Amino acid sequence: MTEFLEVEGASKTFGGVRAVDGMDIKLAEGQICGLIGPNGSGKTTLLGLLSGTYRPDRGTIKLRGQRLDGLSTHRTVQQGVARTFQTSRLFFRWPLGANLAAAAAARLLTSTGDDADGGQEKLLALVGLAGRGDVVCSSLSNAEQRLAMLAVALATRPHLLLLDEPAVGMSPAETAALGQVIQRIRGELGVTVLIVEHNMHFMMGLADRIVAMNAGRKLAEGTPAEIRGNPDVIAAYLGS
Amino acid sequence: MRRVSNDRLTILAGTALAAALLLAPSTPSRADDAKTVTVGAILPITGFLSTLGPPERDAMQMGIEDINKVGGFEVGGQRYTLKLKVLDDESNPATVGVTAYRQLVDVDKVPVLVIAAGTRNYQALFRRSPLPVLNILDSTYPSILDVDKHVFLLRSDTPAYVPGTVWYLKNVLKKERIAFIGAGADPYSAGIETWVKKAAEEYGVKIVSVVNYPLNTTNFAPFIQAAMAEKPDAIYLGGVTQEVLPVAKQLFQSGIRDLPVVHNSGVTPTQAKQIIGDPLYNDVMANNYDFAGTLPETSDNPATKKFYKDFVTRFNQYPSDLTMWAYDTPFVLVGAMQKAGTVTDRDKIYQAMLGMPVPANTISGWIPADGGKLFHDRDAQTMSEGIGWCSDKKTIAPVFLYFMDGLKVTREKVVADACKDH
Amino acid sequence: MTEIGMYGQQETRQRVRPRPAWDYLGIALLGFGLWVLLVESNSFYSSVLATILIWTIATSGLNIIAGLGGYPSLVQGAFYGIGAYGSALAMKWGQPFWAACIEAVLAAGILGLIVGLVFSRTRGQYFAIGTMFTGLVVSLVLSNWQSLTNGLLGINVEFGFGSINQLNVVIPAAAAFSLMLVRFVSRRRLGWRLLTILEDEDLAEHIGVPTARTKLTGFVLSACVGAVAGVLIAQYNGTISPDLFDYYVGFVMFVALSVGGAGRVLGPLLGSAFIVGTPDLLNLSSGIGLLLAGIIFVVVIIVIPGGFMSAIDAVMAAASRSVRR
Amino acid sequence: MLIQAAVNGVVLGSLFALLAVGLTLTYGVMEVPNFAQAGVITLSAYAMLWLNQTAACPFWIAALGGLVVGGVVSVLTERIAYRFVRTRPLAAPVVALGLLLILDNTALILFGGDHVSLSPPYAGDVIYVGSASVPAVGVALIGTTAVALLALWLFLQRTKTGRAIRAVSQNAEAAAILGIRLERQYIVSFFISGILAGLVAFAYGPMYAVYPYMADAILLNAFVVVVLGGLGNVAGAAVCGLLLGLLESFGAIYVSAAYQNLFGFAVLLLMIVLRPAGLFTNRSRRVA
């Protein structure tokens, strides 16, 4: 049986620094998986490899048996991988609805981004931004922008969603709401989610599985409880 | 806030544009007085030919004033005076000149058009609305006369003065190894190069190097170096005043001071002083020889002498050969209109021009064709002249008078002690 | 329903139902009005207007890559030149007019493809500098390759139309079509993809827009439209020389677009009318005319960054507000 | 032959370097492609000419006056125009072209379009280097460039203001956080850039001629140098200026004189494609 996501020996070097060094990850469909590690451990680079932002120097990445490594970013998106960024990235001068339409159109290869089935409203409701489609993105609050970015990623109808520190700058209440939104995304859309996040508390309550990284390599893997008790992980966080 | 839709904007903009353009002063400037004939000219007042246009304009204005002073001229029992309208082509005929052409020919309806450079650029326009065209500058080779049968050249062509330059180098200055440095992009320079080569072959002079520098060159060192590598004993510069003088200056600044430098640019002392700078110009020009049409300054004709004095007094500048041809231009126009018996019918004026005699009161010293006609195959010709530099008086003096019969130098007169007589 | 193409550089806060048919009708009417003006005004004004319209075509082409895509291409003057020289030379070598036109446009398209590929990885001012120097190389070749282009003397162009009247119809028609083309493209896939690139190229790629291919398509289309303008100026003037297509022409076209309103359908028309028309119509001496032009560039770009079109927007919005009161 | 070509190349290269250093300085602090520099050169040259010929000042006094005019005009371009487009990189080239039109045509209206000559006392002198000859104006150009570059280097390395300018050039935001007053650094660097333009007028004016568009064509070469050296990199501009001068000089002799300028442009295009950050930089600065 082929895994949903299968990463084998992925490596990426930037100017002599091995950001990711032989990572292996397997993900089952419908999982929420957390990716943790100290700063500079290669989490964001790994996300970049999965989303097609970078091409791996070595190793393979397969989604449902299809090779993703070597594909350009937009081809990766079309294969069903979407991502968000650490800082808010949206077409800020456009209304939120136009952002969603652009994303939907790009993925579906339609010409105008017609929203015949009213999918936009459903998506906005899902992330908790119902009725905000007309607002120009630059006038959304920080938390709203983070959710909007999530909605834009979902509008490309991904199978795998990669979230890069989605809770940055959010209040505890907003973070909790975000957790629920991510649960709903998995539950209602069946999307597999890989999250990079520093907020361990947030992660422990949300993830089915956690992969810990250090210095570009996998340090440990297991349930949140296992990871919390893993001495290597504790050493990596406290030691360095 | 209501957003304004595109369609309303489009229509509004269209209406506004249409209204603006309709309200623009769309009535052409008709001749205010029916008894005035407009002499329309497109001249290079600015740009790289700007040493040529303004003196031509000034001399034409003097000619027109002299005609009007005596009450104008008579055609078909009606007296007319002349007025000058000059448009600047910014030395850029294909872009700026064509707009000026439409203004003068189609709106102002001038009977005859006077132009300077860029004859070839107007070819399509000549065909669309033909009229007689008088060129008082463009001696580029191949000749502009084959551009259109309506084109007349009111000056001697390149082959009428370039070979004499080479003849003078060989027979008077006794030089046999010439380096040619030309303005590669300038067709005038290319025409000179062609005839220097022809003449050199004819007279047995060696062209040891030919160097052409590109447009907008300001540092000529590599080109001077390439030209000097073959150890020439004289340097020939191709191009117009603004091209030739900077090269002459940089030759001097590079220490090349003993070789004669010849060119066909019609430099006046005023221009030399301005472009090369004071006091350097006197030393730079010391070995310079310039071969082109005769200068008003050196003429024996009293009318020409008077023109010289008037021009210097009025414009505080030495008149070049071009100014005499420009001064004569309105006289040629009047002569043609009188012979044609009309001041408007372009075709009749054209036919009259073909066979017209040398007009009275002209100062250029025209050498008539068979039957006393002004034009030899649409080309009016004058004697050619070589001028040298007199360092003690910081001015020019004629050293050589000649007329070319093919590649044969005729009517030649070498002035041995030019500076003393002058 | 929210449509993408509406949100170019127009800052808008409301959804609007598009009315494409009205827009096209408006542009067609505008084209008709311009034709009437062209044939009714005297030869001098007519020639100024024709030049404005031809510039409108060239800058409309530029509007696709620079206005919609946000890529500051300064090489449009070279495509304009290739259209002119390409068609003139092809006719000189015995091609019929229509074939010469197609060949000239193809030649510009191929050069556009090459330039687009070469600079595909550069952005912003590097793209501007790269394209500017490409334009410079083309203009150097036009003035120095004497055996082909006859150098600074330029070449005369065979007339390909039946009469001047035909050309006088074709020029405003082509100008109107170029405006319609930008309007059309801006609502199609290519257009909104370019708009996403204008907003944030990396994000565009991450929502699945093939940015490299989109830019290349836009650039080639820009080049082809620019070449059409070149064909027409060669026909209209009957003569072409390198200084008509000097490298700074590409620069001035970009300025015309910016001053008129980049990414706006009518921006090229307003910008060209201003840049081409002001010096000719005001009949200023070249020094004062250019001085004024310089002052207005600077003032317009600083005071109204969106160009004349955004100023018109603001005025119309204020007017409609006061009407409702 | 070889020596003469090398000497010519150094003269030409000094000119490019002097021009490019001024351009790259303002590019570094403000990221504007300052085409108006050519106009500053023109006005500075006319100021020298006017002081020398009309006001009959001695040449050296006139040159000094011209330098000040260059500095003041350059600061004016920043105060009146550039500072409004600091955050809009795509508007900067348009403003720069507008300013160039304003400055060039101001010169045209005030002084006319004729070519006129700026004549220093040494205009006619020649200096011999072995078998090669160098015009004294060329030596003056090399000397001016050497002194100007040395002075600029000392200023940037040794003075507080110089270090502040370098900091702004590295990262304006970080510099502002560190308490460096950006406005002041902008004004100072435009003033220095204007002085450098004045030096170009002083050294280049006597070589060819003074006219409204005197620096427009060579500015393009300088721009090649600025990009090759890495936008904003002063040392890179100096080195690349010399290299380009030598390349063009030898290219003109051994390849083709007509396409002399093309060598530089070709190298530039190649580099934009291969190394968009410049030859002499490890700081990858992508201007988006």
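By written order: A, B, C and D. Residues from 1 in each chain.
Going forward, a contact is a pair of C-beta atoms (placed from the backbone, for glycine too) under 8 Å apart; a residue touches a chain by one contact, two chains touch by 3 or more.
Values in this document were obtained by computation on a predicted structure and should not be read as measured data.
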item	value
Set of chains adjacent to subunit B and to subunit C	D
Set of chains whose contacts include both subunit D and subunit C	B
Chain occupying the middle, per Cα centroid	C
Chain whose average C-alpha position is farthest from subunit C's own	A
Rounded Å distance, subunit A centre to subunit D centre (Cα mean)	49
Distance between chain centroids, defined by C-alpha means - subunit A, subunit B (Å)	75
Interchain centroid distance [CA atoms averaged], subunit A/subunit C, Å	42
Centre distance in Å when subunit B and subunit D are each reduced to the mean of their C-alpha atoms	37
Residues of subunit C touching at least two other chains	13-14, 140, 144, 286
Shared interface positions of subunit D, touching two or more other chains	113, 258-259, 261
Residue numbers of subunit B (touch at least two other chains)	46, 184, 214
All pairs of touching chains, each written as two labels joined by a dash	A-C, B-C, B-D, C-D
Residues of subunit C that touch subunit A when the two form their complex	1-7, 11, 13-15, 187-189, 192-193, 196, 199-200, 202-212
Contact set on subunit B toward subunit C in their complex	1-15, 17-18, 21-22, 24, 26, 28, 46, 88, 90, 92-95, 98-99, 102-103, 106-107, 120-125, 127-128, 184-187, 190, 214-215
Interface residues, subunit D side, partner subunit C - complex	31, 33, 80-81, 84-85, 88-95, 97-102, 104-106, 108-109, 113, 220, 223-224, 227, 231, 258-259, 261-262, 265-266, 268-269, 272-273, 276, 286-288
Of all residues in subunit B, those that touch subunit D in their complex	46-47, 50-51, 184, 211-214, 216-219, 221-223, 225-226, 229, 242, 246, 249-250, 252-255, 274-281, 283-284
Sites on subunit C touched by subunit D in the complex	70, 72, 74, 118-119, 121-126, 128-130, 133-134, 136-137, 140, 144, 201, 248, 251-252, 254-255, 258-259, 286-288, 290-291, 293-298, 301-302, 305
